[in-house]
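Have a look at the structure below before the remarks.
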């Protein structure tokens, strides 16, 4: 589940959703992407690019990495089976360690990828198929290697209940197969996954030689297979990347290698990073931030000509929404009253106004055309009339046969989230509800808020979602499929909806081809929001990243929806 | 500096108690009058805050999205943080809450916490100082060491760290958390680090007074310990206690604001000056008015208390340097 | 003198020991589970149990405390005699729950920034405070005295978090004379370091010099009225000599006390200053640790700060005798 | 040693040791031998002067008698009752009989209390309600000691030293005690005032039949007030005699030395005396000299003085503790 993940972009997502998904099905045709990436116009070699980060990377171990900015950055020294390539604002899925985008003969249940055979690690040793397989296997030990996406474990068939190489050393995972020549790897999945080549962009599908695996300490010094290697890493303070002379640009369709060095400085505050990038003096000229949106000083820089070239504004895939707990708020009229009471305007203002996000009726973004529906919430177009509809809310509440007027609102104590919750509290109160504000610590929110049947179970959960791949399948399955829940744990299905008619639709979607599946998933979301009133999407966040005036080659990456530093160079 | 006792001049007129003389001295002190007046204004503002809710037709917690720039929620519409006839001190970025009302209610919170903490610290400090100084010996040793240990704690840091712990303990007892627990916890934490200062002063005074002949005189009449402590010694401590209290209040106000500023204090939406300053940090450059108002209010109040404290000390101990 | 020094050190160590026991008791008898805190986001009961063993939180509190104290003096080995044994050299304060780094290393990493603030600011405030206090005392009652003392009283009523933000708004945002405050190593970029430190120094000095000015003034005025000064004057010593040699020296005693305590508590982490100016020192480390309930780091910073305060106290007491011959050490 | 019949106060072997500082970190505590085996008796209605240099233990003796201090050894018998180890509660009824006047009129009156409060405190503490009420009685007493009863509501700081001492005397008189210990009651006063206060006390002694223990460091003051005089040196009584005997024929070298320092009011009475100058300081009571304590400053000191402490023996009308009395 990608609740922690920062963002996936909408730019380039249109291409992914409409064309690439189709091209994945005809994957063999995509081998042309395997050619090296073209140089960036005007880019020069040399210098140091500084990256200003608020905190340390959560994890640099490929198997544990699940955060937008880091997912971009770690590609400088980690190659995966497939990967996103962004050139001139267009993002494509390309084979990275693989030599093709994978082939399937049984509708997505068995996938075979050809491998490049001429790749080396920083120590000069060859990257082998066995290393790729070991990388996948160690991701099964997610008790020790926590934090990463669990797709490999979730999708790959596991007939022997394999638990990972640390727990069961010497045991094999028979469903990941290297061919005898070692130039192809095959995955046998438990269910058909037509979008599997997107899944293999994640770090679990990167090569790690068993001999170099230092378990939970691997992230302190991951072995490089990319153009840079780690020279020094002081946790919480700084990290330096220098050139990896064993990397061959001719084998790489994704990465460039302009600066001599990348230097990450950690631990500065939001405001400090904002201010120093805006002031653009000294070191800041060659600096960039990939985890810090310009938020508080946005009004000073947005639409100001001076900053136009260094300010990158783009919609993120990050949707902020409220899950209405149908376990505890049983009456649909109460849920509809809640939906009407949501004041989109004051919630978005608390987050920074329309420059910080755009109103959204649904958690599926408009750009996913196959699944997006332009429906109304509480009888109005939220982008035109974002204010709370208090009269309607009161009317619905009056209609309720099982009225529940005291609501427990769960939210996370981080950033502007308490203010957004306060904004909701106000309009809920105005609609006649009593609200109990239930603040959770920042580090411990999602799991406790998902507990079912516990005392003080929340009625409304203020949360968010960013899809891992740009398709409704990356959203609706995770958020609305009752099959992911247990009686104790709602997981990412925070609204806890379990509706028979929707389950029928899910069953139908499971066996449908991609385009049809997307349409059904769109229907499910619409029904869940409009008919069942179990969910209120409020807005999609807008990213505003800034770079120093001397940094060139930056572009918005469609794969991870962040400002990519892969092509960065220092202007002369 | 004059070491003369000022009141010897002339024949005794009326039976004037030392307290009365001090009061008369304060009454002629212009600084003291201005400070007291300033404090009076803040106290009145705190007490009458609800009246302004009624005048302004809004509450300190009410969001006013219409007062904010729809594009940049961080910017109030209009100049100086959105100061207008409806919002006298402007509005809060992101929410549009009325800053004047938050300021008035904030005065309530800040003052009531600081005054309660001062009161608690004074009661504990005076009692401990009396006991420690009067009994001496082992009791004094234990109490003095306790003070020494508490004073060795990095107080702000420790207060910061201990607040969530206390709260956690309360939570463990099933007490719902929030301001209902946070505020008492703050009062306890603040007074926990405040009393040793008072106790030390009181103890020193008690030790010097304990040896005075009038205490012996009382003993020779057969006075009980209670009589000695409360009737003979304590009346002589009012001056130092009063001065300590007067100078402790601004310290407590500052400490309360600092704790809240660092995030271990009053929780939003309850208004508090420290919380307002904390909330203003991200906006200090786009909306400096929002930083200035609680900061300047805090400054004025603390200054007034400091000046009044100085005047009280001068009045009670005319020998001290001016 | 030696005996006294030894005795102060012994009693200081004792106080530190009691402080450590209290701190340890408070932070480890917490009802919330330390292992759960160390576990992070995707936590399972098995993982909690494993961390509990790894951090030796499954032991009884006295044993934990004993090992903690042992770690400080001689170092300790976590999970001794197992495969996962982990050596933590003296002085060992355990590992951060958040970053898994040794707390000692975190403290050492953050110390330079705090030192920079404390030393720079203290030089500045001593200079300002003493000189304005001396001038006030010598020109007692004049407009200079009244202005500087009025100013001192006003400054003493100001808050770092208010003045700091306002100064930052003026000098960084509006005039752009200074960069955003922060910390760069003075050895790598001395100029950047100084420029970034200017605001914290000035803010702290601005507020604290007020106290020193008032102390210097009243101390000097008091000593100027004392017999030995009158005698010195009668002996025909120039008033400049008297003021500097005798009066200032005698007036120094309370200043040394306050300075020692201020510097001691500042070295333990200028919590608010570092918070306002985003300086990665000990104070920032501790506020971060408190927010994350990273108990080993909280414990470490509190103890470290207490250590500075107690040491400062001892040094102040010893300096007393050097400055004021009237003080007998018993 | 002659005994007084029915003494109101009898002091036998009275000893008081105070704990002193410590040697090093964990050394033995020093002991200050403030009073060391003092014996004397006081008859009802008489005034006994207790004289000695400061630090000789006379004030401590006074506080032991009034039980402000508890003796380390020895007994204090007041009206036949051994009160030396009485608890506070046991002392309460005795206190009404046994009062004290203090040395410093500035320190002995609580500056926060009015004169009325100060003088009425004895009534309140001992729960005594005199006829006509406390206030009336207090005003009477004020009048007796020569103060204006209208001063009832005034504070001590509004009075002069002599007036204050009158307040102190009024307080001591309040409960009509039998014995008053006056601890250097006039030493803090101007010489002109001293005589007034002494005369006041003399009148009171006569009018109320009071017994006085009058402590002073000045033999001249005592001469005008006491009928009998005891001389103390370093925690011991060295000589006791009735006033005229002592002043005319001092037996102890120390008494002689003290007397020689007193300016003679009537030089012809006894004949010109040579002035004896004592050399050296009073020895440290933590470590007093062995044998006779005065020997270190005595011009008559011999070997025996260092080994044997002299006993207080009756010689003529005088009791004296000296190996070589005059």
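Which chain is which? They are A, B, C and D, in the order written, and residues in each are numbered from 1.
We adopt the following convention: a residue touches a chain if its C-beta (ideal position, glycine included) is under 8 Å from a C-beta of that chain, and two chains touch if they have at least 3 such contacts.
What you see is a predicted model, and the numbers here were worked out from it, not measured in a lab.
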Innermost chain, where centres are averages of C-alpha coordinates: C
Relative to chain C, chain with the most remote C-alpha centre: D
Distance between chain centroids, defined by C-alpha means - chain A, chain B (Å): 49
Where chain B and chain D are represented by their mean Cα positions, the distance between them in whole Å: 51
Euclidean distance of C-alpha centroids - chain A vs chain D, Å: 94
Distance between chain centroids, defined by C-alpha means - chain B, chain C (Å): 24
Interface hub residues of chain D, defined as touching at least two other chains: none
Overlap residues in chain C, where contacts from two or more other chains coincide: 173, 293
Chain A, residues touching no fewer than two other chains: 271, 275
Contact set on chain D toward chain B in their complex: 63, 66, 68, 88, 91-92, 95-96, 98-100, 102-104, 107-114, 121-122, 125-126, 153-155, 157-159, 168, 171, 175
Residue ranges of chain C touching chain A (in the complex, touch as defined): 40-44, 46-47, 50, 99-101, 106, 109, 172-173, 176, 179-180, 182, 192, 278, 280, 292-293
Residues of chain B touching chain A in the complex: 61-63, 65, 68-75, 94-96, 178, 268-269, 281-283, 285-286
Chain D-touching residues of chain B, taken from the complex the two chains share: 5, 7, 12, 15-18, 212-214, 216-224, 227, 231-232, 235-236, 238
Complex contacts: residues of chain C adjacent to chain B: 15-16, 18-19, 22-23, 26-27, 30-32, 153-154, 156-159, 161-162, 165-166, 168-169, 173, 218, 221-222, 225, 265, 268-269, 271-272, 275-276, 283, 286-287, 289-291, 293, 298, 301-302, 305-306, 309-310, 313
